[in-house]
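Below is a structure I'd like to ask you about.
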């Protein structure tokens, strides 16, 4: 009886899991598929060729050819790969250094204007990029950053989203602990460093993972603020080869996914904890 | 000016004020420069002509209100939010509840459901084209089952493709949020309900749901945020002029920008901003801690 | 307590700074010196840095071909054609001393293209059919054995050595031209099926790939052309180039160079090539950078191509430039540190795609104003495939924040929005437009104001016998005549590549692919379909029905069947490549009765009308909008420009006869004088060759034009997507009408 109920519960979950994994499976297999086979299988959907797309579970003749041609014949792939890191790492580091204290203040300090400040952060977090693009361009131009990677990094580093996530995480830090620290003579900075940060680690790391994923896939900002294609990140490389070569596009998609996925897997535990702490109420 | 500053400072000095200023200053400074100032400039541009030189008052606002494209986009955006946010919340809550009840495989499913978050937009675009093109894979599957092919991107179905994308990407994230909320409900409440002879449905209705209310605030804010983000997928898959059913406000914003119509874009954006602010103010009740 | 806060904030700042320096350091490396020029998008002429290269014409008194070389001691040596006279200059070309050359009384050397001066004073050169030769001043020759060349001659290959350059006392650089097409045809006498031609790279790069079922050849086109006459067409001059370094004592191969189209090398092992408008340097460790950007120089201009270059001491560069493919000039380039740039003559030009006309105008205005600084930015340049909308988004961002370029070339962009929103200056009174055909200017004049000027234009047209053209005066009549006519015959048959068809079996029209048909149809019908902010459904239906009927008749959606390749290449003067649309090729080959194309090139039009049978005539394409024409190189000046006067001077340069009289492949001149000058040039050439003069009344044809077609990329893209699916049979006409109506509805609503 119990087993049957267990199975009944598993069915919807497995269906959902299948829906999630199905497209990803295609991508992995697609990058191992020779070009001729790709043309037949998904060519009709991606190019204007006639016919109906089909997708075998496994490639009939697996090959690393597209992967190799991407890595060996396209030197710009590597450049863009490193460009991506040059943008992502300072952005994420900035988010933590700037965001964590702000989130702590918004979450744990009692002061006038706290609610207003928190509302400002949340509203800014929700604003679409198109809305502030022109004035943003003006600001960056005025700061003399145009064309510099910092034109992309700084707005990301000051993003409101990680502050929000960390704020929720710090909300879960019990006030009793803070008071205890206070009684022990710790100042606010020490309380933050010795109580807030350790207890907020899941939230902080969750913000880090989310910030990484966001900057990793950024398209509009580097496109607008970096006028030299030599410093463009990988996210701008993918859309352009989609139109040219199927195999390479598949391989590039996969290679682009890998660092994000790795980062994600290593950070997943914290991401979960962090997202959870955002949901927990005192 | 200095008097106003003195008043503010006096207020700030109370309690954690100075510490808060020090903690917030770096982040808030940057936010002001990179987001707040641009936002204020956007509001200003809504009242000026395209070059930002001549004041034109409410002309842009009136023009936006009377614009058919704006009405369609606003209605679609509202519809999208109204459909997909509750849907996502329901689906992810269901997933969370199911996951809690089958502990052994929980970890595997959690990982699986979170995975789509890591897929970069550009990859999704490629996948979606392969899936939802007229002779794409989804139609091949439909043909195998004996159903008529659907023009996914060129009919009303496009809206549901967008909803599916949104659910696909965000279900795992929201599920974890719900799991946290569920973990926070103390066992004693369930035991009490059990002792009173409540069945599963009643327990859910009278114990689980009320206890989850605080989580609803966060989940809905983040769902709203992510519903804006799905535009990028929509734009890259279906272009600047997609099927009517998935023509969102951001398509309009994007196209107005391409067309150099910055005054109306700013006016419409300001209206959107005000609407969002109202929503946030309403939700703040949920978001704020109880103490 | 407070100290802690300060420390924390400082630490955060320091950390950020530390990462910042890291990033800046990496960037810094790239921005030094000339290396950056290659990386920066667009082209800088003059440059904002202090100093720039200055071009000096040092041509010795030679008319016609010049063979130039640099001796080991730095002396410049030049010969005229046939090595009749020798000129020496010890002062980098300032003065030349004349002496008789080895060819003064010997006419064996008329084919010599290049030569090197050996340390023993003899010349090393290539004699056609004989091989590499050492030539003494007294005319005695000695064979210099080079296995690769001697073998090719023994095989009967049409082999040529276009460049010989001494690197040092041991090594010499050769650049061979191999006529791949001749070799291929000899080796595969019946294998001419399935030849497709695709053009890659820019107009001056001349990279052409000949793909066949058996072999794949890639190389540079050195010259040649399509000529027609009777029943055949000859495609000549597909040269593959290879460069190699040989030992000067033994003739043995030392190393093959991977770079084709070599202009020269220096003794550091750097090799120079011409790519587009710039000379690139390939260092021996594989690094490539832009050595000399030619936008402002003769070798980068529309009329010139660099043929050879030498780097002599102290940063002085000598470039031998072939002008109009007919004669050479020698130029010296030296870096001038103190070159003065006048801030009032600093302008930037933006265009979506590389525009030869703009380049010609830059060259011209820079000659008139050497203190000008002109930056030309091409949004969709080369290999970084930015999409059109990305490029426009970036442009708009810059314009809206007042940091836009001074001059906008608006082809492919939503032109009206730039004009209507006050982003562009009123050009009335600033630019003299009196020379422009007034009916072409009228649609751009709005309440007496003029924000954009088309500086070139095209006419969608139908070419054929007068009687044929008279029968198809409307779109419906054209579609009917196509349907009731003959099916299309394959251009390349099993028998041979090219052949005509008897008149009674010819199809009415033909196209290379659906896109070619769509383009001409859209150009000729768009003004009737979308008029201002209205979409006319009936017109749209008529347009779709006709397009579908023609596409179905000729099977245009089956890509690989009837026509291999959508276009053919012909070569204009100076090695410039023009694309001849497939519809014209079939007409010229006498397998169709009519050809549909956008007239951009008067000499091509003249060749076509001279097909040889019947009385060819040309009419505007019978679309739903009679009198539709296509504006090209639409120019406007940003309202925020700091130098409106110089910007206006630039637009006047675009309209000047000198720029307008050259065919840049982008359209016809908009000025009367430009049209007249082009016709004059054609007629001069025709008179020389005793051929028919250009007799067609262009003024009368142009006078019939009234409505510019909408060339906005977004709109055309939306219609094209649906048309493609319609013609593939995935949609019916009603479905297509509904789909276009729906997608255009939002497009139009946004603009209302």
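Chains here go by letter, A, B and C, matching the order in which they are written, and residues are numbered from 1 within each.
Here is the rule we go by: a contact is a pair of C-beta atoms (placed from the backbone, for glycine too) under 8 Å apart; a residue touches a chain by one contact, two chains touch by 3 or more.
The model shown is predicted, which means the values in this text are computed figures rather than measured ones.
Chemist: Whose C-alpha centre lies nearest the centre of all protein C-alpha atoms?
Modeler: Of all chains shown, the one whose C-alpha centroid lies nearest the global centroid is C.
Chemist: Based on CA centres, what chain would you say lies at the far end from chain B?
Modeler: Of all chains, C has its centre farthest from that of chain B.
Chemist: Could you work out how far the Cα centre of chain B sits from that of chain C, in whole Å?
Modeler: Centre separation, chain B to chain C: 48 Å.
Chemist: Could you please state the distance in Å, as a whole number, between where the Cα atoms of chain A are centred and where those of chain C are centred?
Modeler: 42
Chemist: Averaging only over C-alpha atoms, locate the centres of chain A and chain B and give their separation in whole Å.
Modeler: 16
Chemist: For chain B, what residues touch not just one other chain but two or more?
Modeler: Within chain B, the residues that touch at least two other chains are 19, 23, 26, 134, 257, 262.
Chemist: Which residues does chain C have that touch at least 2 chains other than itself?
Modeler: 5, 8, 12, 393, 400
Chemist: Two or more other chains in contact with one residue: find those residues in chain A.
Modeler: Those would be 50, 97-98, 101, 133-135, 138, 157, 188, 239.
Chemist: Show me the residue ranges of chain B that touch chain A in the complex, using the header's touch definition.
Modeler: The contact residues of chain B facing chain A are 11-12, 14-17, 19-20, 23-24, 26-28, 30-31, 33-39, 41-42, 45, 94-95, 98-99, 101-102, 105, 109-123, 125-131, 133-137, 139-140, 143, 168, 171-173, 176-181, 183-184, 214-215, 218-219, 221-222, 224-225, 228, 231-232, 236, 250, 253-254, 257, 262, 265-266, 269, 272-273, 276-277, 280-281, 284, 287-291.
Chemist: For chain C, which residues are in contact with chain B within the complex?
Modeler: Against chain B, chain C makes touches at 2, 5, 8-9, 12-13, 389, 392-393, 396, 399-400, 414, 417-418, 421-423, 639, 714, 717-718, 725, 730, 739, 742-747, 749-752.
Chemist: Residue numbers of chain B touching chain C in their complex, please.
Modeler: So the residues of chain B touching chain C come out as 18-19, 22-23, 25-26, 49-52, 67-69, 72, 134, 154, 239-241, 243-244, 247, 251-252, 255-262.
Chemist: Which of the residues in chain C end up touching chain A in this complex?
Modeler: Contacts found on chain C: 1, 4-5, 8, 12, 15-16, 19-20, 23-24, 26-27, 30, 39-41, 383-387, 390, 393-394, 397-398, 400-401, 403, 557, 724, 728.
Chemist: Quick check on the complex: what are the chain A residues that touch chain C?
Modeler: 48, 50, 76, 86, 89-90, 93-94, 97-98, 101, 133-135, 137-138, 141, 148-150, 153, 157, 187-190, 223-224, 227-232, 239-241, 243-244
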